[in-house]
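Chains here go by letter, A, B and C, matching the order in which they are written, and residues are numbered from 1 within each.
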Amino acid sequence: MYFILLSIFFPILAGLFLLIHYRTPLSGEKKNAGRKSLLLLTGCSLVITAVFVVIALFCEGEGFILFYLTKDLPIYFRIDNVGRLFSALAVIVIPCAGFFSFEYMKHEEREGRYYGFYLLVFGVLNALCFSGNLITFYLFFELLTMSSMPLVLHSGSKEAVMAGLKYLFYSLCGAYAALFGIYFLYRNCDSLTFTVDGALRASAITEHGTFLLAVAFIMLLGFGVKAGMFPMHAWLPTAHPVAPAPASAVLSALIVKAGVLAVIRVLGMFGRDFLKGTWVQTAWLCLTLITVFMGSLLAYREPVLKKRLAYSTVSQLSYILFGLAVMDETAFVGSFLHILAHGFIKAALFLCAGAIIYKTGKTRVEEMRGIGKEMPVTMWCFTIASLGLIGIPPTGGFLSKWYLALGSLNSGIPVFDVLGPVILLVSALLTAGYLLPLSIHGFFPGAAYDYGSLQKREPCKLMTVPISILTTLSVLIGIFPHLIIAVIHMAAAGR
Amino acid sequence: MIVTVILIPFIAGILVPAIPFQKRWQKEVFLETAVVLNSILVWYLLLHHSDSTFLLAHFTGNLNISFRVDGMSMVFAGLVSALWPFATLYAFEYMTKEEHENVFFLFYTLTYGVTLGIALAANLLTMYFFYELLTLVTVPLVMHTLTREAVLASRKYLYYSLGGAAFAFLGLIMVIVYGSTTDFILGGVLDPAKTVGKTNVLLLIYVMAFMGFGVKAAVCPFNSWLPQAGVAPTPVTALLHAVAVVKSGAFAIIRLTYYSFGTNFLKGTWAQYAVMSVVMFTIVYGCSRAVKETHLKRRLAYSTISNLSYILFGAVIMTPLGLVGALTHLVFHAVMKISSFFCAGAVMHQTDRHYVHELNGLGYKMPRVFGIFTISALALMGVPGLAGFVSKWNLAGAAVESGNPLAWGGIACLLVSALLTAIYMLTIVVRAFFPGKDFDYSTISDIRDPNWKMLLPLFVFTVFIILFGVYSQPVVDFFIKVANGAV
Amino acid sequence: MNFICNFPFFSILLSLFSGTICSVLPAKAAKIVNRVVIIVIGLMSAVLLLYLLSTGESFIYWMGHFPAPWGNEIRAGVLEAGMALFFCIIMYLSMAGGAHKLPGEVVESKHNLYYILVNLLLSSLLALVYTNDMFTAYVFVEINTISACGLIMIRQVGRTIEAAVRYMIMSLLGSGLLLFGLCIMYDLTGHLLMSNIKESVGLIMANGEYQIPLIVSVALMCIGLCIKSALFPFHAWLPDAYGYSTVSSAAILSSLVSKGYIFLLIKIIYRVIGFDIFNSTRIIDVLFVFGLMGMIFGSLSAIKENDIRRMIAFSSVAQIGYIYMGFGMGTQAGMVASIFHILSHAATKSLLFIAAIGLTDVSGGSRKLNDLTGAAYRNKWAGAAFTVGSLSMVGIPLFSGFISKLLFAQAAVQVEGKMLASLIVLGISTVLNAVYFMKTVIRIYTSAADTPYMSITFRDRKPYTVTLVCFILLNIILGVSSQPVVDMIGQGLAMFA
């Protein structure tokens, strides 16, 4: 249990230290020396934290209460399987993207600030995964927004600042909507500790059933903001592209997933039996499907690569939410697989995009003809990851979508049981439409292309290795899913 | 004993211009000693209070001026006396740049006594008396700079406050006529035998008195004096217009609602719905005005307007839990807002910048001030782990528990307001720390953090913000006892 | 019959005689005589008051020992004696406070005329207070009018003459109506002595005959006195008369003269018509409505006013409105509140007039609010006094105004139908009072950057300052220990019936 605490507070303290110690920009002669120590510190912290997390993952235990916020609001940490899976994702993606940024952020002035907040985000994410009750979760959910916002507005350009603020306000809006629900849950549950089969008192359901449904919907919408669910998705395509690429990777792969994690928890608190078949489920299904379709469509029309990826995130996250909204165990497995698969894939894709920007400065898709010849490793990873996102076997993406569709068809919800898979398929087609052209043109620029202008621009190992790791993992999930699926089933059962 | 703590500030204040101090530090030492001594006395008094009433003078009939320490007065007097020494310390430094120091400190210290008078009053009349007096002794503070703006502001302040008191007076009359006594008794003093058939009139008068006292607590539509009064020196804006004066309004309303009219009489009536709607509207209105405002202190003043209505919202839920929420926010908001105001004052003192858009990049030059400002901003937003969350939690908890659908809507207002709070506070923080790519740092090169006299209060308040945030249990327990009349 | 019972008669006669004597005395001696007379009468009233309090009964004094219906009667109760005492105090303080201005305002040769008028005024006021005979009352009303008119006109500048003419016309209209009413009353009852009339009125009411003429008569008397005491909407004469006359005159006129008429009205209500009969007519409703309107419109006019003395004068309209509102409530409590307000307003208003002159003195004699900027710094005592007066008017606890407000509000609550209206108007009127008084207070405490005017300190003008201090004390005494006064009023009213 100490490792839980260490995995949370070590990176937070390290991050604060970096923030305070490197508050003035590095420049001049000292830059190299200062940078070296900064990177050393960051690297060590990342690795040490990762070790702590891994050890914590294998801890078993009842969880423990850190302290009481007020008499009946404990700050409570606990490891369960949902948290384990999320944390496993985080512990891989964050160090990868972190090492990637060592190269990517080389020319930035205020690196200290960046890494400081980066470590904060790491710690807060761990805390989020290990939270044992709603209030602890909410605490770190807010902190996540606060600590990740500086990553978005890191570049300091006007656009970035506006995007950062937009991100902040959307997120807070969602968080407060959720808080509204928490107030009511608190009164109508015996405790706010997470469960999977509903914590509402029976008397509360009979008395305020209708109102509590509305509360559930508000909470879902609120946490859905973080997960980019329509109609509050607008921050996502604005905020993700302006952040530095490794930060976008973390945002897309992990931070938005905090919203998903929240939705899973809330679903558990209300209980599937309470929500199933109600208008809340119907409305929620509608919203997710709209988001899936709309996100893909917008991505398809988007010329800027990082923005395209951001829209893609909107769409893919709603796959997950759709799976949750179906409230069927198979679909739940699909959702969870998709969380992992999409996490790895999207991180890889954003890092690839970052590598391209870093090396060539090109941001728009049409400029990237022949890029595969210049940066073969990067583009191969990009292609494999794209295939995963589209859902070609044997990648993880295929598996997750398979389960999602299966779960939906099994669920027996009128109309949506068929409509869901159809839209998922259409969206998969669109995904192919917006991701594959890049690979195709990248490797086959066409006969008219001036091959003479090509030069070797493969980035250094610090960039390619993290990308490769993430890509490999995304495929591996698809090939060896059994252990994960077993864990997911345990998670669904609340163990 | 009770009267002593009210008198000491009076005497000390009057002595300030009377004693010919040779050096400034002598005056500082004198005042600080007096204030600290008085605060210690107050705390001693609160901790060793007896239940007896101290009768100072008969007024007319059965009305009298008397003092007593009960739960509510412990909360308010404790709060005020804890904050005053720090604010005085801060004022010493701040006032180095202002004129007429003596007059300022005279009234500043007088206000201390008057506020304690409000807190310790044993009956409605005594409170009303000190309430009026508070208006009068604070006007010179608002007028302090004697600029046209300050004069207009103080004029408005006077009109609003005295006008409000005129309507609050009607409430007093009702309690005198229909109550069994004017003393504060938890649960109200209205005599059911006398009120038969007069319910609606009494409710109407209650609403009027609520709005009357609400003027000081800046309830919409009577809030416009507060931002204008921001022309006063920052120690005044911070302590009086974020704590002492405006909280006196809230305090008076709580007294009126819980201790005079009584919640049993008011709960569930149209009057409760009326005042609750007003309060809810103010919560949102204050925040949205704050978002639009670009003058730093005025923005904070609008924020105060909204936050005061949080307190009132708790009060008009009219359950013991609601009172707990109100008291929590009364105390916690005081700490948070005074901290943010002092930061604003420090910025103005060090840089002479008053508008939000002038704050670009200052975060790197005044890291301590802006660090503290950030913490207070987060606290005001209600981030868990800081004081604001606890009070908001208590308020919302009370609202949910009351089962009153309008109060549930009030929760939504609280949250909308929290979002707006984030907008108006965090944009300042973002500006200070992320001034933009092409910001020219040489324009602010000679700016630095203020000296210890300004920073010490800030640090102390910050410690309290965090302390209340993570460990509020003893305080909240005490509030619960107060709300149940167990103190 | 105790010797003290002669005191009312003595005081009336003394002031009348001193007035006559003053005409042959030089100005300085006239001043001394005047002061001494006021003091002596004040002392006599005080003794009388103590005596009455100790006996607890009122007495009737037959002039020349002729019994009714031939003789003329004087009646003295606690209320009358208290009122006389209070009038003397205010009169003395007002004279003292305005004395230093007199040489500048009135030509040297007319000084003894001035004192004659003051003495006459005092005698007529005392007579109004004490008399038990309607016709005597009417006669002294006229004397009062004439002397007041003279006091206004004696400062011979254009505006005052105009004001005096206006005052004269309105006042005579008022006394004319009073006379009409009196005539009808005499026709109906055949009596002029108050107690006799009351008996007959009781009979008439019991018989159910001549109801309408009776009410008409009462209404005429009421309206007449209302005009003379400047109840809204009959207040047009007031601002000029108070605003432009000499300081002492303004103070006396505003605080005493109108109050004398109001006191007469009270006497008529209680002693002539009977409180219950009066309350059963619709007249009190009319008074009530006019009172409320006066409270608001008087204040509104004061807000618009830019001349400090006219502003204070308009404020009187509002305050008179308070008093009539108290009448209009038709309860004992309302009456007590009104009478207390007579006292508190008299104390406050004369203080304000006297303080205002101190402020204008240090502002080059200008009465425009603009020029008064910072005046309180130049004349600290006047500034403080003005502030106290203002706070009292606004109704801040500690000062007399608060008590009257308290009494009014408490009285209002007991009257079912009029409660809300009066409470709300009370609130609004307080707000309005705050607006114009506080505006002025802030104005005089706003420091003017470079002022050409000289400052005045305590030493420069001792008597004046002492007067101010006395006024302030009077206000605070009324505000802090009001209970004895209120008790006395209650007792006095009980003796009336």
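In this text, contacts are C-beta pairs under 8 Å (C-beta built on N, C-alpha and C of every residue); 3 or more make two chains touch, one makes a residue touch a chain.
Computed from a prediction, not measured in an experiment: that's the story for all the values here.
A.B. asks: What is the chain whose Cα centre is as far as it gets from that of subunit A?
C.D. replies: Greatest centre separation from subunit A goes to chain C.
A.B. asks: By Cα centroids, which chain is closest to the centre of the whole protein?
C.D. replies: Located nearest the centre of all protein C-alpha atoms is chain B.
A.B. asks: Measuring centre to centre with CA averages, how many angstrom lie between subunit B and subunit C?
C.D. replies: Computed value for the inter-centroid distance: 43 Å.
A.B. asks: Centroid from C-alpha atoms only, then distance subunit A to subunit C, rounded to Å. What do you get?
C.D. replies: The answer is 83 Å.
A.B. asks: Would you mind writing out the residues of subunit A in touch with subunit B in their complex?
C.D. replies: Spelled out, the residues of subunit A in touch with subunit B are 23-24, 67-71, 73, 135, 138-139, 142-143, 146, 150, 153, 155-158, 161, 164-165, 168-169, 172-173, 176-177, 179-180, 183-184, 186-187.
A.B. asks: Of all residues in subunit B, which touch subunit C in the complex?
C.D. replies: Contact set of subunit B toward subunit C: 57-61, 125, 128-129, 132-133, 136, 139-140, 143, 146, 151, 154-155, 158-159, 162-163, 165-167, 169-170, 173-174, 176-178, 201, 204-205, 208, 212.
A.B. asks: Residues of subunit B touching subunit A in their complex?
C.D. replies: 364, 367, 378, 381-385, 389-390, 393-394, 396-397, 399-401, 411-412, 415-416, 418-419, 422-423, 426-427, 430, 433-437, 439, 469-473, 476-477
A.B. asks: Of all residues in subunit C, which touch subunit B in the complex?
C.D. replies: Touching subunit B: residues 391, 394-398, 403, 405-406, 409-410, 412-414, 419-420, 423-424, 426-428, 430-431, 434-435, 438-439, 442, 445-447, 480, 482-483, 486 of subunit C.
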